[in-house]
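Structures for review follow.
Shared chain: subunit A. Partners: subunit B in the first complex, subunit C in the second.
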Partner chain A sequence: MRSGLLKIAASAAAGAVLALGLGNAIAAETPKRGGTLKFVIPAEPPSYDGHRETTFALVHPIAPFYSLLIRPNPDNPSDSSDFTCDLCTEMPKATDGGKKYTFKLKSGVTFHDGSPLTAADVKATYDKIIFPPADVSSARKAYFVMVDNVEAPDDLTVVFNLKYPSGAFIPALATPFNFIYQKAKLDQDMKWYEKNILGSGPFVFVEHQAGALFKGKRNDNFYVEGQPYLDGFEGIIAEKQSLRVQAIRGDRAAIEFRGFPPKSRDDLKAALGDDLTVQESDWNCVLIITPNHDVAPFNDVRARRALTLAVDRWGGSKYLSEIAIVKTVGGVAFPGHPLAATKAELEQIAGYWPDIAKSRAESKKLLQEAGVDLSKTYVLNNRGVDQPYTIVGTWLIDQWKQVGLNFEQRVQPTGPFYDTLRSKRDFSVSLDFNCQSVVNPLLDISKFLSNDISDSQYGGYIDRDVDDLFNKMNQEGDQAKQREYMRQFEKLTLDEHANNFITLWWYRIIPHRAYLKGWNISPSHYVNNDLANVWLDQ
Partner chain B sequence: MYTYLVKRLLMVIPTLFGAAVLVFFLMRLIPGDICELKLAGSGAFFDQRSLDICRAELGLDDSALLQFGQWVGGWFVGDLGTSMWTGKPIGEEIALRFQVSLQIALMATLFSIVLSIPMGVLSAVYRNTWIDYVVRSLSIAGIAMPSFWLGILIILGILLTTQAWTGSPWMPPIHYVPIWVNPAENLAMLIWPALATGYRYSAVATRMTRSAMLDVLREDYVRTARSKGVMERVIVNRHALKNAMLPVITVIGIEFAFLMGGLVVTEQVFNLNGIGKLFVGAVGQSDYTMVQALVMLVAFIFVMTNLLVDLLYAWLDPRIRYS
Partner chain C sequence: MSTTPMAAEPTEARIERRSVWHFMRRMLRTQPLGVAGGLIVLLMVLMAIFADVVAPYDPTANSFEYMSEPPSWQFLLGTDQFGRDIFSRIIYGARTALLVGFVASFVGCFLGLVLGVGSAYFGGYVDLIFQRFLDVFMSFPIIILALAMVAIFGTGLDKVILAITIPIIPRCARVVRSSALAIREMPYVDAARSIGYSHSRIILRHMIPNVTAPFLIMLTAFMGQAILLEASLSYLGLGVQEPIPAWGLMLQGGASEYAESAPWIAVFPGLAITLAVFGFNLFGDAVRDTLDPRLRSQ
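Up next, the complex of A and B:
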């Protein structure tokens, strides 16, 4: 077990080195001050409130205005277990048997209106996130089920008391949406931050032109000496992907922080050569195959197992990664994380067997045993988004055809797609989506819990075995034991109970202008976007 | 004339009310709602509690009739409501985009008029000559080619040409600056979409001008003028063209109204923050209130443009009298 963990850690480190090879070289350069970074954003956020929203469209333009208590290390964001202080002075060690975390805050930090930022503001922020009033929406309330209360014994100390020790707490705390708000504003109106921006981050809000632009300027009172390097930034909203690609090519923008498909990377590289830098990383997003457990034939575990056994993930990875933003074969936990399955472990799970012929033979046998009608055409419900939904959907239909299963793809716009999943439920199988920010497998897998616990599980099943394992795992302090539980959870979910299945993990490709320095790719398009350490070599 | 005008203006009310009923109830037939989109669309977790709060905040729990009543009631106090997606006043959201769409529509219309009328006249006057063939080919190409596709070609063409000539690719600005703030930047951005849409627009108007001119040139009064020895240029410019303008103005008017809300894809291609882009975004986000307001705005523009065109008829042809 220990050697397995070491191997994983080594491979994660190697991945990080690869992803950051260029970044580290850049870090050795002396940052230049000045300039305005222009970047493109594919969508507009519904509001300015990070605690309420879930979209990257909020993080990209708004995160630079705010501070966090802790965050993934901006110099090493590829490492999913490297967290560092933003407002705190040092990462605390848990006390009281792993149930108490005490954070000391930097002194002299001010909000952009000049008022001091104290522990009371941090407490008010986390109280809003964890214990929101009845009429206030908090998208990440469930991340903090382990938290009993938050205290602010003095101006520079914040204490989180947990109900039980949890490895999920620190990653949850580092979520990039947890902007620190001013207590006075929250006292005045809990929803004040939906329409207003007032933070203590590296940039000060200048303007938002609806549908067009976010603008920020340097915070001269920022608490990190010398940062930010940029004079300001402009986040330009550009919904069409081809335009965002051309904007980088024509130097109307230096970067887009979400990610492009491989073809766009290749086109940009061909056009710009050395003027372009490409950073790539595994991505903490995955498409999930969700059979409908309420209707035949996929209410039968044998039929569901047949579905996953028919899919050649190892082979598909090679080809799909050339045309789509998917690549890595993995289980329920983010590949490369210490809690993720190794290749050898994956190969023990149905659908990951190295011999696809054997796997498909088993699939056919199960279909026959379950009495699945192969003359029927079943419905694969899919979302009308090209990358990677319809591409992966088309691939899956071909995979299932190999064992005699006929599917038609019903592609719908996002609204009707979710209506089908949540209300109509007239599908045989659907593609579904799990996309999280900070890599936190202990919580990220809650998507697979029974649907009376997880509101975003659309298979329609109740599986108490899986729920029990989840609870055990989240209340277990020892990582080796967590890992054991994770393997059992994975085996049950993907194989024995065949509740739903992982396709391929997404792969994040960020081609950007070579003059943009200091920014390092992370496994999430939500992470590392405060721009404090970004500079322009112009 | 004034009675006619008042009658026409009064007709606006039932027309807009009909459009309001249609758009309000049709939007609610689309499966799914904005709260599901907001909360589930990003793939992150969400709970039923957040969904319930969102629906209550937006009034989606209220009956459709109550929502309709509140919306229509708002018109009488000048309240268009707030966008369900951004929570901002709709009037504010539309005003931002309106100037972009208006400028594009005006530029494209100007380009179209400058191009289409001389070409249509030449084509008619020199019927079945090489001039006519060239004009007809250009206009058929303009009709056949979608303006957004032409837009993509224009952007690619600019990028490739500038890279070949200067070594580094240049593309038009992707963020709108008002013309009174920076005219050069403004025109550098808007000239291309105006050309792309104006070309298609001019193709329609050219064909209409040609066909109307051909009809007029066969009229008895033109023959009479010719027999009296009036110069051909005078016949064409003074007698034929003015009379041929009635259908052309109708086409130009309808196209102008269309441009104000219908440049959906072209606006995305050039990243124009206009009404069309707002429209398609609002439909995609199930932002009922915004879609309703935009449909009403476009319907109002169409009604008013039609009225203006009718009034222009009387100016062009004094025989036309409204009563």
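Up next, the complex of A and C:
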């Protein structure tokens, strides 16, 4: 009996301690209201129009001013299939055989000018994105190739009718650039949003000092009760990485949302200790080796296969991840996604063989068979951005040198770099990139399609086998079947037809001040930047 | 004839007559710093020529197992973030520096010489228009002009040489012209003209040899400047590109990111640039002091 009482007393005491501890933990994580978040931005946005632009430089300072229809769950953004409502009340189930999605909107939402946000605004927004007028640029129009039309039957209902069921639709809808614009402004001028900001997001635009900063203040009429927690934010533009690192170190800024190389993380951690929190994630960005299919010797599939066979991706992952923002070995689909290749599957593809000596021997044999002139120096076109472009470029040149191929690196600023890819085309091989926001491999791989379909494929090839597989995959509802097509697509693209090649997937490292809470890293530097749930523990 | 030509003649003539050994002995006695500069330049030249023999490692080969190693007996100046031996890259980097320095300054100064002398000789509207044209170029600081040239021509070793050569031309032309203007008034030039020598003969045989001193001074001065410009352009990512060993590029790769944890990545290329420019400047000053009669008499 005594023993029983003791047990109960001990259990009660333990329960009390646990409850107290848990209570403290909850109290410690209860968001605090107030404060201004300062963060650094590596570049200036070309315009304010999210529908037109593709750069993080727009999302980081401007996303807090806007709402989205749906978005990746801000509390769990690393899960590529966890989407949640922003303006809608509930994630809809597809009807009409998977071809119809009906969204109900929250009532009482207003734009920052006080006017109500209705389904007409959402329809006008998506009509601009999906069916833009000829003189209006929409960067993500192709994401919605499956959409037939958008309807707004009443003020709080939006309906998307698809041409065919597609697993790519919901992730496309959650793209963080799909800011909801006001219909009246779009009716007035479709390009109004290029130079103006008017949203319904958690923060209200205050000012933009070109080349210096963006300022926003709390939207007191925000539709999520209690949010945002911050009084406001300041996005400070600092192009030099060393400046951005120093800004965090000196507490002039709490965070930079794009990502730092491992060395900067280590330096900051050594300097700040527990005052720094580091979040890391695989990144939905990858550098692609793009041989020029129009000129010898890489118009020969054997020479192209030799290129990929010379590259030691498994070894490179180990060492490059110490100096650059790349890490994970993967195929065409984002590593870890259900549609991505496993290690065993990758090892069946040229360039991923586990035995690099065997791979390079095969590479040399192919170069000889293709009659590649090894006394020549070929041009590797690259973008003038250190992380990770020139670092990976320098690594690749060393890899190719080991099979006798000599390359010189031609590094150019972004404008001339694209001019070379699109117009001049005077390169043997180029590095190119594929950076996407919401993980959506079914569409993310459109980069690898024939160049009369994909505007961003710079190899210059037409490959109908690859195009057919892409179409089959996107019109297939069964994920197992999609996965099967994806493997065939991957094998053709990276190996048998050797159209272009994946290097290493990027790795996102965000060291930030420990007092910044509520922000969770995602696999994309475009995602989860509205700052509504961010707070300062100060 | 007046005595003026005789007064001008001896300076140039004496220089030609003197033996190299005499020149060197005098340099050593009167210009010890210049000789030190000359030795640095000579060391650079030897490093560049015999880089294949002197460098212990391939300067471009990545050795990831030796990333960012500090200086040791195995790697005298340490390794960079790619595991490349910094000592070997500095030795090979001398090739890049000298190639850019020599070619850009020689071509730039030679074109400046021809244009400067031609402008002075023809005078009148030719000189007026040409000088205003030079004014436009000279109104830009040399680094700004070089940056503009790189923006036009693009990056790469050949383009960098071109980008550095162009800003040198007007500067050299202006200095040479001022000397040539004095030469043009010399009676022996008038004499050459009066007996019907062609313009090219007068310029090549009578004027250019007499502006050799300022030409040589500019040449040596611009070599150091060209090396510094190449390093600056590469540091800004607009010059020579990886994996070519070049000092400015090495500095760029290590300066900001590794300054604290692996300072040797930036320090040694920085020292190499400093030493090379210092050497060329000392040598150039000494050449100027020796060849310029006004300074020599002081």
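Convention: the second predicted complex is superposed on the first by the 510 of 538 C-alpha atoms of A that agree within 3 Å, B and C clash if a C-alpha of one lies under 4 Å from a C-alpha of the other, contacts with A are read in each partner's own complex, and residues count from 1 in each chain.
Just so we're on the same page, a residue touches a chain if its C-beta (ideal position, glycine included) is under 8 Å from a C-beta of that chain, and two chains touch if they have at least 3 such contacts.
Computed from a predicted model, the values in this text were never measured in an experiment.
On the shared subunit subunit A, the superposed partners subunit B and subunit C are arranged side by side without overlap.
Of the two partner chains, subunit B is the only one touched by A:D251; subunit C is not. In the superposed pair of complexes, A:N149 makes contact with neither subunit B nor subunit C. Of the two partners subunit B and subunit C, more residues of subunit A are touched by B. Touch criterion not met for A:N161: it reaches neither subunit B nor subunit C. When the shared chain is aligned, subunit B and subunit C each come close enough to touch A:P416. Legend: residue contacts after superposition of the two complexes on their common chain; A:S242 is shown touching both subunit B and subunit C. Once the two complexes are overlaid on the shared chain, A:W395 sits against subunit C while remaining clear of subunit B. Once chain A of one complex is fitted onto chain A of the other, the partner contacts of A:S264 are limited to subunit C, with no touch recorded for subunit B. Looking at the shared chain after the overlay, A:S115 reaches neither subunit B nor subunit C.
For the pair subunit B and subunit C, the minimum alpha-carbon spacing after aligning on chain A is 5 Å. The intersection of subunit A residues touching subunit B with those touching subunit C, taken from the two complexes, comprises 240, 242, 416.
Across the complex, subunit C meets subunit A through its residues 60-62, 64, 67, 81-82, 154-156, 237, 241-244, 256-258, 260-261. On the subunit A side of its complex with subunit C, the touching residues are 240-242, 261, 263-264, 266-267, 315, 318-319, 322-323, 384, 386, 390, 393-395, 397-398, 401, 408-412, 416.
Partner subunit A is touched in their complex by these residues of subunit B: 30-34, 36-51, 53-54, 56-57, 85-88, 92-93, 96-97, 152, 155-156, 158-159, 163, 168-176, 268-271, 273, 277-278, 281, 284, 286. By the touch criterion stated above, subunit A contacts subunit B in their complex at residues 40, 44, 46-47, 53-56, 135-139, 141-142, 194-195, 209-213, 234, 236-240, 242-243, 246-247, 249-253, 271-272, 275, 285, 413-420, 422-424, 433-437, 446-447, 454-456.
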